[in-house]
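We just call them A, B and C in the order they show up, numbering each chain from 1.
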């Protein structure tokens, strides 16, 4: 009972920290995009967290954890269980946390996938289409895909390992992001004569704050994925998480300053995020040295991936594909290369996992967005894009009463 | 001992989260008001949290928890107890937390009531009068009123239930807000030819961040009100809190978009806050479905209340009355309608509670502010209001060195 | 085992809170400085936290906690221990927390010292020199100096007491700050005809948020310094910490409003920080009344120290010297004056501690910066300073796409 209480306290705190990541995402996305689309991005983030929780309550939780099932698709029924008749709850549920904590922790994860997409499609996607996409992707695709591993499905039986979601969360968001960006096309002015143009954001302090908040949230994202307060595992996980983040940032800075002769804060920040995504699949399996190596590689990948994605003429305003997809794949494969599970068999299992999620995410995103494109459309009008989504979709702007002082 | 330690850890974390709500309130209030009054609002928030804690230490804690008393007014003496002579503390105090944790958790609550008023009177109230009002209201009225229920007073004996303060905190702030707004009058330009005019805020990203931070803080506000780390109760409470918040936001968005043909971010945010305030009185008594219903009703109430308060010619710049008073009353009554305590007797007890707090808060606020109005005045001069409180009351402005780039 | 788990949970949460302080520092520093140097400050803060963690992993941790050593300098070897062969960790390490938690909590502290310097040298120091200084100061000086007390070195044997680092962290940063400010010289325009000129910041809302976040972080900074979740000690520590912060703010406000006839938000905020730094050396040894007295004195000191430092023609843009050095010394000496340890012997031990840290920090900072000054230089060119470090050192600015609305 004492141990259940302690475990549950830890899991609740981690839940709160993962919730707080939504502020991190919101700040990062608005900071790196133009002022005229700020309300739209904030709206999407608030929509994702509220709708995401309700959908996860209605169907997601029981799709993702259906109990005994065929390994591909199962459903344990609508809604959550009620408290027992005497007002208490079934505390025999789990020794690591209660049923309610389980739901809430997993529910906070669910919304993350859609948030990743939100950043990538920023500044040009129709809000109505985004809302419909989010409902389907968070409500159905994410939990079904999640059941394959965390729900005990076929990838779990295959030996695929994904501790906290380099693949199940970050790549699931990243695959959707790349498909969406491709279907949407680039923002007006992003490519001129085939060359990518810098479209600068409007608030780098908030973007920086977003990254620090996300890093903080990762204490809960990875720390809570231990699913108990086991002192050794939780604290090792926090150490590997932080060291990978630090290494990712520093290597990203080094590589980008060598290549571009510039101390680029944005690349520094994306390197940190890359390190965080990279360690997520195996944070409980790595030594500190492994963590630094994994983060360093992720940090280097970020620099090259950002420029490679540009060269593919994919317009990803916040670097979501480089951070969440590229480093998500890297982190998943790294479990077969570094740490306690390293080995050829594990590496192949990891590859199988990456491929399976690529298939379900690419296909489902394509189908949803293709139907939306052919019906209500997914892209705003040219005028709306030029004048900003805030005034057209929301009838307000982000800093309506902002004034300058006389200098 | 193990259990005390765990319980106490949870309570300390919840204390920290409730403390953090003050940043949420500050961001929300400055975001929804004009730039020229930003310093003034920040100043008030910092004043409330510092002064509030000192007053609660001096008199509040012992007014609110006087031990045995007549049920209406008791006082256990000035100041806090010192540690025992051997440097340790009386750990037999409570099995859920220590004496110090008790003080600090309750102290963090105390300041909240005044913060609610701060938002409602923004942009036109004299800072000196606000400071005097805060000292009396936080130092005396809040703890005396609180003793009626949480201190074991007459409402507690009557069976009135208020888990975490829909009435004891939010309505106590809300009643003061409505009286203050009425005595102060509306801001210049708010009503033209009897019609309410939109006075836009200056920083919607910070307002949005404020709501996310407040939601995060509510994990502690409600979660800590269990007064232990009981795994079932704390985690159920977090689930009902989050589901009600999500439902409040979504319903508010739906209703306002039907009525006003607009995806209004501000209404979305206020709906979330309404859901949070609404669930607070019975967060430990509700099933997930109850929580969603309570939040949904709160979210709908918000939309209508905001427009109704406008029609009453009450000028509440941040929607504090709709959020904290209307949804506070709703949440308190909902304990008699939904969940484990539902029933006519309970509903009548809840009504009695609502009425009792209405009486003490309206009367005391009116007396304090009326005296201030007749002596030093409560409203700034027209010139000061037009030019902004920041330069007149504080001699500085919020973004003194802000400059624009050449585009 | 239950108790270890609970203790470890508390320590991990405190670690997360101390990490979050880096956002507080970043917001405070950018808020109080000019817009044209914002990216530079954010960059420095991100550099400090990432590099600081890696250096602490590589050498710092084992310099600061070398085990048995001569009391002045010891080193237990490079890097961290790996997990045991069976994948678990040595849980017999400590009953309060694991080896990993120990490293990470201490690692989060290490970076703080350099952050203090960052604020003081803002707006004119070359980024390359700052990076080199940070690497040496965080990587070598901070942990060596720390070993003298927390590593069990000669000051520990002497009876010197510094609970959470008024001296070991804050003065260590503060001494470096004062030397650096003196070597750098003041910003262009700070002194005209020998009189200090106000150089206003650019974002007071973020500066205010920074202080609230720092206060929140201090729950972990002081609360975690108990090194267990002992219910009495941790909760007493939080109470003394919060009361001292509140008293520091209120007294600072009172003194500055009497002296300058102004309700100065910045002074209010610095008073809170002074109260926090002041209580840090003895937060676990004080009664609530002691804490209020210590904070009050710190708050008064802040007002006089800021003006005194101005008169010395030292240009400290964010008040770091007043907050961290002056109140750090005060808090350290206060352990000999107030609380459970008060007495002449203790006071003399505290003096010895203050003096020892003054010596190592002043000398080492002077040597490092003097060498840098004579080689690559420590100050940017006049043109760079006037145009801002952001465009010259980083090729970007903080709000590139910020636009105003038509009013």
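The rule is short, and it goes like this: a contact is a pair of C-beta atoms (placed from the backbone, for glycine too) under 8 Å apart; a residue touches a chain by one contact, two chains touch by 3 or more.
None of the values given here were measured: they were computed from a predicted structure.
Participant: Determine whether chain A and chain B, two copies of the same sequence, contact each other through the same residue numbers or different ones, counting it as same when over half of the numbers at the interface appear on both sides.
Facilitator: Mostly different residues.
Participant: Tell me the rotation angle, 0 to 180 degrees, that brings the C-alpha atoms of chain B onto chain C, to the nearest 5.
Facilitator: Fitting chain B to chain C on C-alpha positions yields an angle of 120 degrees.
Participant: Distance-wise, how many Å sit between the C-alpha centres of chain A and chain B, to the nearest whole number?
Facilitator: 33
Participant: For chain B, which residues are shared contacts with two or more other chains?
Facilitator: 2, 6, 9, 13, 203, 397, 399-400, 402-404
Participant: Can you name the residues of chain A that touch chain C in the complex?
Facilitator: Touching chain C from chain A are residues 2-3, 6-7, 9-10, 13, 17, 34-36, 200-205, 208-209, 211-213, 215-216, 219, 223, 229-232, 234-236, 238-239, 242-243, 245-247, 249-250, 253, 262-266, 268-269, 272, 285, 287-289, 292, 340, 397, 399-400, 402-404.
Participant: Would you pull the chain C residues touching chain A in the complex into a rising list?
Facilitator: 1-2, 4-6, 8-9, 12-13, 15-16, 19-20, 22-23, 26-27, 30, 38-39, 42-43, 45-47, 49-51, 53-54, 57, 79-80, 82-83, 87-89, 91, 97-101, 103-104, 107, 127, 203, 206, 393-405, 407
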